[in-house]
Amino acid sequence: MRITSKVTRIGVLISILAAVLVPFVITESYHLHLVNMTYIYIILAVSLNLLIGFIGELSLGHAAFYGIGAYTSALITMDLGISFWISLFIAIAAATLTGFLVGYPALRLKGPFFAITTLAFGEIIRLVINNLEGLTRGPMGLPGIKPPNPITIPGLFTIDFYDRRAFYYLILFFTIISLGVVYRLVFSRVGRAFLAIRENDILAESIGVKTKHYKILAFTVASGMAGLAGALHAHYILFISPVTFDLAQSINVVLMVIIGGSGTILGPILGALLLTLLPEVLRAIAEYRMVIYGAILVFTIVFMPNGIVGTIKGKLGLLPAAEEK
Amino acid sequence: MLLETKDVVKNFIGLTAVSHVDMVINRGEILSIIGPNGAGKTTLFNLITGLLPCDHGHIIFRGEDITGLPTHEIAARGIIRTFQTTKIFSHITVLESVTIGRHLRTKSGLVASLFRTKEMKREEKETTEEAVKILEFMNMTAKRDFLCDNLPYGDQRKQGIAIALAAEPTLLLLDEPANGMNPEETIHLMTLINKIRERGVTVVLVEHDMNVVMNISDRILVLDFGTKIAEGTPAEIRENTRVIDVYLGEDLT
Amino acid sequence: MNGLVAGSIYALTALGLTMMFGIMDIINFAHGEFYMLGAFFTYLFCVSLGIPYLGAMVFAFLAVGIIGIVIEKLSFKPIRKTRPLNTLLVSLGLSVFLQNLSLLIWGPDPRKIPSPFADKVIEFWGISITEQRLLVIVVTVILLIVFYYFIQKTTMGKCMRATAQEPEGAALIGIDIDRVFLVTFGAGCALAGAAGSLVGGVFFVTPTMGIAPVLKAFIVVIVGGMGSIPGAIAGGFFLGITEVLVAGFVSSAYMDAMAFGILILVMLFKPSGLFGKAES
């Protein structure tokens, strides 16, 4: 039994419709906030999955690009007075460029060597942000970031982004775009090249796949998307500090991908949902949270290496385009 | 002459795997490379396809010196190989992995894929059609939706060949294709190799199964300890005393 | 002198790591946590059970080794045949789990292991050093000698070396790979635990004490050569001495960044390190 693209298309339409209606259903401001954060994490998780699930490499530095996007956009709007609508793209460009610069040499390495390199890089970025106090105010963080400039449609109305609901639609928009990008990338010749590299990179190379080229492509795109998430974060929470973009955050996103199911598109979405909502539910036992996370990671790999979505897909006998055993 | 190796050498620590080998592959022929284990046959394949760098010597393909080129460049020029340790794309279906094999012959990149251009959609359709045709050629149509992992061993070896064929090679290098096959499968393999040659592909085999070697080869090359010790038609090789010595009385008929 | 002390710790920790990589092809992100557990167990045995320091260290050494064996059996063995990414992820998960479990159980406050050697100072050759620090060096040397004997002369040691060189060949000639892996992992963890115990006597014991040393140990292992025992030991001492020498000149935050920078450079240009075995 295969999911036909017709079923997928209907599913997507329904999801988008539901998403559009959300702010009318979820009226409690804090709950809407959670949904907004979930969307930001979805962008992070889905982009990291390009690396973990589709190229097959583990990056432990994804949060660094998240941070680069956030700080770039924040600083440009605050210090240079540039509008968010421009700084957003500059931030994405900065993250993408850094992604390319890091990926180009780093992707010569594989597996644990690559993972450690990304970890080291992530730490270097955090240390730099922390110590360039003149620019970034270091560990104290940057408060007073402004939300995106209001959009005025003359004669009609103005969208003011201090309103959480307005922001919701903004984030939803970008999340849909991100998901669309990933979807189109995965289900294409490029996506197949990714798969080939993941499954057997020597064989891929032997049939003419330029493995280095595609690895760098995946890494660069993923970094750019993380930068997008960062810029959105900065102009939503209105305060950023190096602590949000550290190794723990990188690991957090890795968890989302793994628990949800790497190698699928729904997986990271589910993972982001779970790991954004779970801390809320576990609020009472917040101190146990990381212990539980660690244990969950070990358990998931040992018993459910395809994550939740992957395992369900396996059990339903669906033959996905990308699935681990 | 399609491919020529001139004086190629490959050294590993304490061992010379390939020692000053000069060989020639002619267009449209089926050439077998034989020799005892460790004679350097697979290493030679690795050198030709760029998976290992030559320590000395040159490899000329269609008049172009391809020594030192990266593997994917060599593949792009038409040299495709299969592997002794069965390499396939495990966790996807047979059809999907053959589709991947079409990578070289298609070209949609990042932009085309993101924007789903007409070109791209047309190419996708063609790719699937070509992949289906390859499976038909290999008699694997019935198994097209199987996960590659779930294939029996002999089919996995066939799968490797299917993926290689999808890349439309000019020169196909098969590394021990008959490995682990039963007699019936071996006969099918020989038919397949002949069919492949009929399509205009030059085939070079590394093989231990003398039945296969003697029956389908136009020429045979014999390696021992990294050196070429004999070269000729099956009849000539069968009579060659050096070869017989090397195989110590193994049945060459 | 302090460089030798730091070097000893790095050498011990790096040794365990490199062994696990050389023999089992495992990169153990949780290595620092075994280091930390060694320190905590020593503390527990000393303080709660009243066992004298040296004895506590021995027990801690064994305890960490046993935990290592159990973890190998339960977490690493089942995924041995799956993709290497999974091993990475499991060790990452273990690291997070163990760190935070310790945080929960013992809290973040640093403790000090009461050691009878702590305050006595010895002087010789114009150098003065606390007995505790001297102990670190002495114990390390003893452990290294014992380890050398073990890996070179005992049957298990030979099996381990064979497996490191030729994993498939070793299985074919009848070596029990499962047991070799158990012992390797247990021994590697125990060594890390020993390092932690020693440090606990000199500095403090905290749940996050394993993070920095293990990153440094990684640097040592990668620079000295993944899987190379002499590389790990030599590299460990080298790093320890260099660090102490350089610390006078550079602020520590940037020193860490520099260490990472070196790591990246070495990985890019010579990933098999100076002595090591290349990745297969």
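By written order: A, B and C. Residues from 1 in each chain.
One rule holds for everything that comes next: contacts are C-beta pairs under 8 Å (C-beta built on N, C-alpha and C of every residue); 3 or more make two chains touch, one makes a residue touch a chain.
If you're wondering where the values come from, they're calculated on a predicted model, not measured in any experiment.
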When you take the mean of every protein CA atom shown, which chain's own CA mean is nearest to it?
A
Measuring centre to centre with C-alpha atoms, which chain is farthest from chain C?
B
With chain centres defined as C-alpha means, what is the inter-centre distance between chain A and chain C in Å?
34
At what distance in angstrom does the C-alpha mean of chain B lie from that of chain A?
41
Which whole number of Å gives the spacing of the CA centres of chain B and chain C?
46
For chain A, jot down the residues that touch at least 2 other chains.
324-325
Chain B touches at least 2 other chains through residues none
Can you list every residue of chain C that touches 2 or more other chains, as numbers and ranges?
none
For chain B, which residues count as touching chain A in their complex?
49, 51, 70-72, 75-76, 80-81, 83, 87-93, 96, 99-101, 103-104, 106-110, 112-116, 120, 123-124, 127, 145, 147, 149, 163-164, 166-167
Show which residues of chain C lie in contact with chain A when the two form their complex.
27, 74-75, 78-79, 82-86, 88-90, 92-101, 103-104, 218, 222, 253-254, 256-257, 260-261, 263-264, 267-268, 271, 279
Of all residues in chain A, which touch chain B in the complex?
181, 184-185, 188-193, 195-196, 199-200, 202-211, 217, 319, 321-325
Listed in rising order, chain A residues that touch chain C in their complex are 52, 56-58, 60, 105-106, 108-113, 115-117, 120-121, 123-124, 127-128, 130-131, 251, 254, 258, 287-288, 290-291, 293-298, 300-302, 305, 324-325
